[in-house]
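Take a look at these structures.
Two complexes, one shared chain (subunit A), two partners (subunit B, subunit C).
Up next is the complex of A and B:
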């Protein structure tokens, strides 16, 4: 018996030691494994968030959304806006020891144009860069077919990051972004164990962080390990057991529980993602503007934010929100407010009445029934669908809620097989985002309202092409106004970014000073004392 | 015997063909992978261009035969999502699944065989009653729930074992400790089933004449139980083993997800959710091969256990 007790005690001591924390590294829990870390191939959020620690674009965004140089000393536009000359910072090193030069920039941009599914605005085919010259080692000249006033924003995107030309030419395509990734970022890729973890270590030669970050480099933590934890309940368990130092992948429903844990810090911040109702203008009932307004006034967005997003999401008025570049504050003055009495009056005026007392209005023998589609695989969307169904039932509209997983829902949205849909989109830059959602070129695909006007199209074009900032702003504001007033799109909720950190993680306060906590700040600042 | 082996081996071909046709058809009617991967970023024209690049614009029969011919040449294609080779992806994950399922199977056998034998020999004793109650408890446990309970007890409250993930090599403590909870989760529920089966068979056998004869010859009790009774009870255990192996891989899908164990099960779930056809096809093919091989081994084990069995 004594032997057994002694054995058990030794066993427990060994286990306790094995669970001891390592202060030299930060463990970041991620809910989804990146598809690839190749910046030119991925479109996934998680990939972008992780590869941004390793590779960097020429420009970045400061706390006020201004585009500022990251890898360059200066840049200069020609008067006609068709030529941009970039002078690179000297002495910036890649992780393989090579120095950043103009040929690396040219090779990276050409690869981006050739491979990236996101290369829409900058390539020559859309009036963008048709030639890149490298007159000397540190100078790059971009030649544009047409003036591209938003080019700098797109050049600040991590998908157009700079990688060494020689390494790109000599590395097998399958290895890039999988077993190897070379950039100028504060962390270097050490190992990717498929399905389990991505290990990165500090790049000691990093020293060119922008001024808005207090630490110019190198990173304060020696190692950052991204652990893949796909199940929400498991992520919660990891946080409670103290095995994860930091995560931005917890569901809104867990925020209250995590906030009650004294050793955890929970923070939220607005995102640029938008959940909205889209009314299908190809359908006869919903095509009537008064009917759309009846629906818009009957939707209680606060209730949706509270019940479906557990209070972590915020009610929004426009199709782009405060965190997106190009947001028009005036949108809140024209948004249709929640007032079901107005909805009831509109429906009565239209001749829809509930004559048989079953709670559903009818007209000319036709019941007022509409089909609402949304995604089934994420709780928030499904719940939002159920809440809208209940809210519209109160004004006498029967909603047939049909949920399906993402691919099937998009298929239906594309074919117009619905009356109303709840969709979600995310983009940090207003003009291309609205072009994608409401331009006539998107009818039958990304324009889920299936509606546009020549005036709307014209303003979207101006907002993306005018060299005058005032003209661009005015046009984009006009687009936002038209979108809301039309009632074709009813913005609902913008979910918040949530991050959870252990209380011994230092650097969180400074990270919170930036509106979207960029990966660069995370890599440079987070550490344990 | 040779004919039997040949016949069983040839039977693998239609089974695998059937599995691949079924999976291929189901995947293709369930959604567009290009829309799912790029849906909110690309215009309709660009999406169509992507479909052409991936060959998804061709008729489904043509796509299937194209895949099949490549598969016969050892090429399972490229993942739509990660752009990596499917064989490479499977190779990165298959060993983790084999580690998990092997250890889980060992737990099943190590727990169930002694418990089943003792329960039968000590029928209606305190041990038997407790073992039967526990068996009922374990056999009713869903893997998902059991895994979370283990996490709460051993990882969060006692802080003895890691919550999830995979450590180093399993012959080191650093690696093995990550395997304990997932393999217990996967191994204990079937152990309960096996234990009940062994107990029931042993109860029948220990009342047989030849067992009584063995006892009357003065053989020691453990010799009677293990050599004479248990060997005959093993036939049904092996049958159950053959039936449970596909369940083991099915359970691994859930267990790997709960414990973030980087095996093929999770790769399969991720790929199904993302409509990554080539990876789903490849993983299902590998799992089907493993299941078929396991069942053939089980069939051969009959001959070893019972020489009366003649395969012709």
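Up next is the complex of A and C:
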């Protein structure tokens, strides 16, 4: 009897220990492995989301989209808007024990300007920062060539995060963002096993979180492990088996099923991600505005939101949606409404008729056939492609749907090797996003429609450089209006972030109070009781 | 010996003809006994009939989308359920048989024509041309086949005919080897030597004496190659390089259903079973044909 009790006690002790060990660790399922965690090199979403736990920019955004200081005590603009003086918070530690100082900020900004493919707004080449002074240990002075009203937003981007100057200059380039990453963030990088997992542990000296987060630091969970689970079906199985504590990477189709599982919590929230139809202005048939309008009126966005995004997406009217800074509500009044009868009328007026009864219109012996490209490896886009194909078939346009993986599809989009494409873009700030998509400098690359006008270019510039908010807003509204009216871009659907967590993960409620559930909140708050 | 050339030639032809009669009698006797081969033949006949009569069998248009009936499980209305765009899966699988068989047959035609011509030339003429062809075959075989097929399909772009070309371009090498080996064997046989001694032309020897005797191994190989071609096509479609939507090729159906496997198993599983059954049918038939046509290799003799 005694023996049994002793055994039982030992068993209980072992059990409680193993349970305690488990509590200190959160396993995050990620659908795509980062290319690199170097903030100055990557342009990918997953890389950005993961490196943001480790490194931090000077500023961050609060729940109302206001830019607030993160690594600094205060900042001050000169009256002409050409000089910005930053006073760093004292005592902020890097993961290697060094203190954050002005030279680290200077070195990090210079590395960002030199390396990052995303460094467009802030660098000197576009009228931005041409000189950085460090008058003392905690003071940084940024000198701008011209006034840059959106500078703060760009300085809140984790792609321009602060890393220690000494470490940057003494570390082999290929190690940065691969085997090592040193920042001021709440988690430090321990290990990256390629194709399998990225292990991060709590940084105990972290204590400078902004006020809108209840926990100033350090993080509540001792460890966060990012497990690479590239297949949707595998992710679902892992979630249901309880092997993953939370993830953002589940397809919209799975929301209903996951919601029915009692031990899982599923939340959705609108994002600033936009899926749209782009029409290639280099192609003769689609170059005709009437033809583009025929297509625009034949596309039923609600059906796409319902079937391809399983209702976890919303019909949108403009190229930037409600969750993005710079959204223009007036866009809903000018968007082309779904009405296939109008489309048919337009096509008939243009002389395209179906004379041989095969369901495809023709003119001068040419059939009305167009190539539609989109991504093959993401279910929602392939489906959106098939739905648009079916919708256009109803008005007599034959769509040859050509799907390929993301890289190959973007290559075709950039070089203009397509008629119509379904693409997506994600950014929370309207001006640089529209500059990326519709400015003439993007023709041949990010301007997939391969079209712009001097007027558009001018308004994009004003929206990024005018010191008057009213002027900037008006210019950006004008851009959004032109874009939709041209019919070159037909906004379709904005999807939602989907968040799935096991019900024993604590901190989810507070994280959901922020519109984007930022990595900083995730790292500081999520834990298991 | 005063037999004229003509008489001697007739004698050779009669002997060959008798051999074939014996062979075909034996063929049916052995083939009939092989139950698996009969099952295989029945499966293939079934698939062919489904492919031909798809418009009659299918209750719905396989491309019509119904957004109110997404991911419906199998029911009386939809015997195989519906897919992620509300399309009737039974109709899609039925129409899909067409693409699957078309790919299988198309590839085999390419492989058989290219492989036979090169194999005949290499085996019959030998020498430098033989070395040239066979070394090229060796080079082709040194490249991983799926990678090569992917590269070709990638360069040509997706689509049914491009898939057939891509797989055919990869598959002819084995066939060339088999044909060449057979030709080498037959070339040295006595009746060929006799025919040659009697002055028959190369074409006549190949067409009348070698080709008919090659039919057995060729038929067996073709039957056994169709399932590989079907699986290849399914792999390419699965990787997004095959038949493009909305056409319901089975491999593409599986690729589409993969994301839903944990809660809508039927979308990927049923086309998967269809592929398995068809491949099995061809393999059973191929094994049966081999046993029956080549008694030396038969297990039950």
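For the reader, a short list of remarks on this structure follows.
Definition applied: the second predicted complex is superposed on the first by the 502 of 529 C-alpha atoms of A that agree within 3 Å, B and C clash if a C-alpha of one lies under 4 Å from a C-alpha of the other, contacts with A are read in each partner's own complex, and residues count from 1 in each chain.
Basically, a residue touches a chain if its C-beta (ideal position, glycine included) is under 8 Å from a C-beta of that chain, and two chains touch if they have at least 3 such contacts.
Quantities reported herein were computed from a predicted structural model and do not represent experimental measurements.
Once the two complexes are overlaid through subunit A, subunit B and subunit C fit side by side, free of any clash as defined at the top of the document. Shared-chain residue A:307: touches subunit C; no touch with subunit B. Residue contacts after overlaying the shared chain place A:412 against neither subunit B nor subunit C.
In the superposition on chain A, contact of A:387 is made with subunit C only, not with subunit B. With both structures placed on the common chain, the touch criterion links A:400 to subunit C but leaves subunit B unconnected.
When the two structures are aligned on the shared chain, A:377 is found in touch with subunit B and with subunit C.
In the superposed model, A:89 lies in contact with neither subunit B nor subunit C.
Of the two partner chains placed by the overlay, only subunit C lies in contact with A:257; subunit B stays clear of it. In the superposed pair of complexes, A:237 makes contact with subunit B and with subunit C alike. In the superposed three-chain model, the partner touching more residues of subunit A is B, compared with the other of subunit B and subunit C. The gap separating subunit B from subunit C in the superposed three-chain model is 5 Å, by closest C-alpha atoms. In the superposition on the C-alpha atoms of chain A, the part of subunit A touched by subunit B in one complex and by subunit C in the other spans residues 231, 233, 237, 240, 377, 405.
Contact residues on subunit A toward subunit C in their complex (touch as defined above): 231-233, 236-237, 240, 251, 253-254, 257, 303, 306-307, 310, 376-377, 379, 382-383, 385-387, 389-390, 400-405.
Only residues 30-33, 35-44, 46-47, 50, 81-85, 88-89, 92-93, 96, 148, 151-152, 155-156, 159-166, 173-174, 177, 257-263, 266-267, 270, 273, 275 of subunit B touch subunit A when the two sit together in their complex. By the touch criterion stated above, subunit C contacts subunit A in their complex at residues 63-65, 67, 70-71, 84-86, 157-158, 240, 244-246, 256, 258-263.
Residues 12, 14-16, 18-19, 33, 35-36, 38, 41, 43, 117-118, 120, 174, 178, 193-197, 227-231, 233-234, 237-238, 240-243, 377, 405-408, 410-411, 414, 424-426, 436, 441-442, 444-446 of subunit A touch subunit B in their complex.
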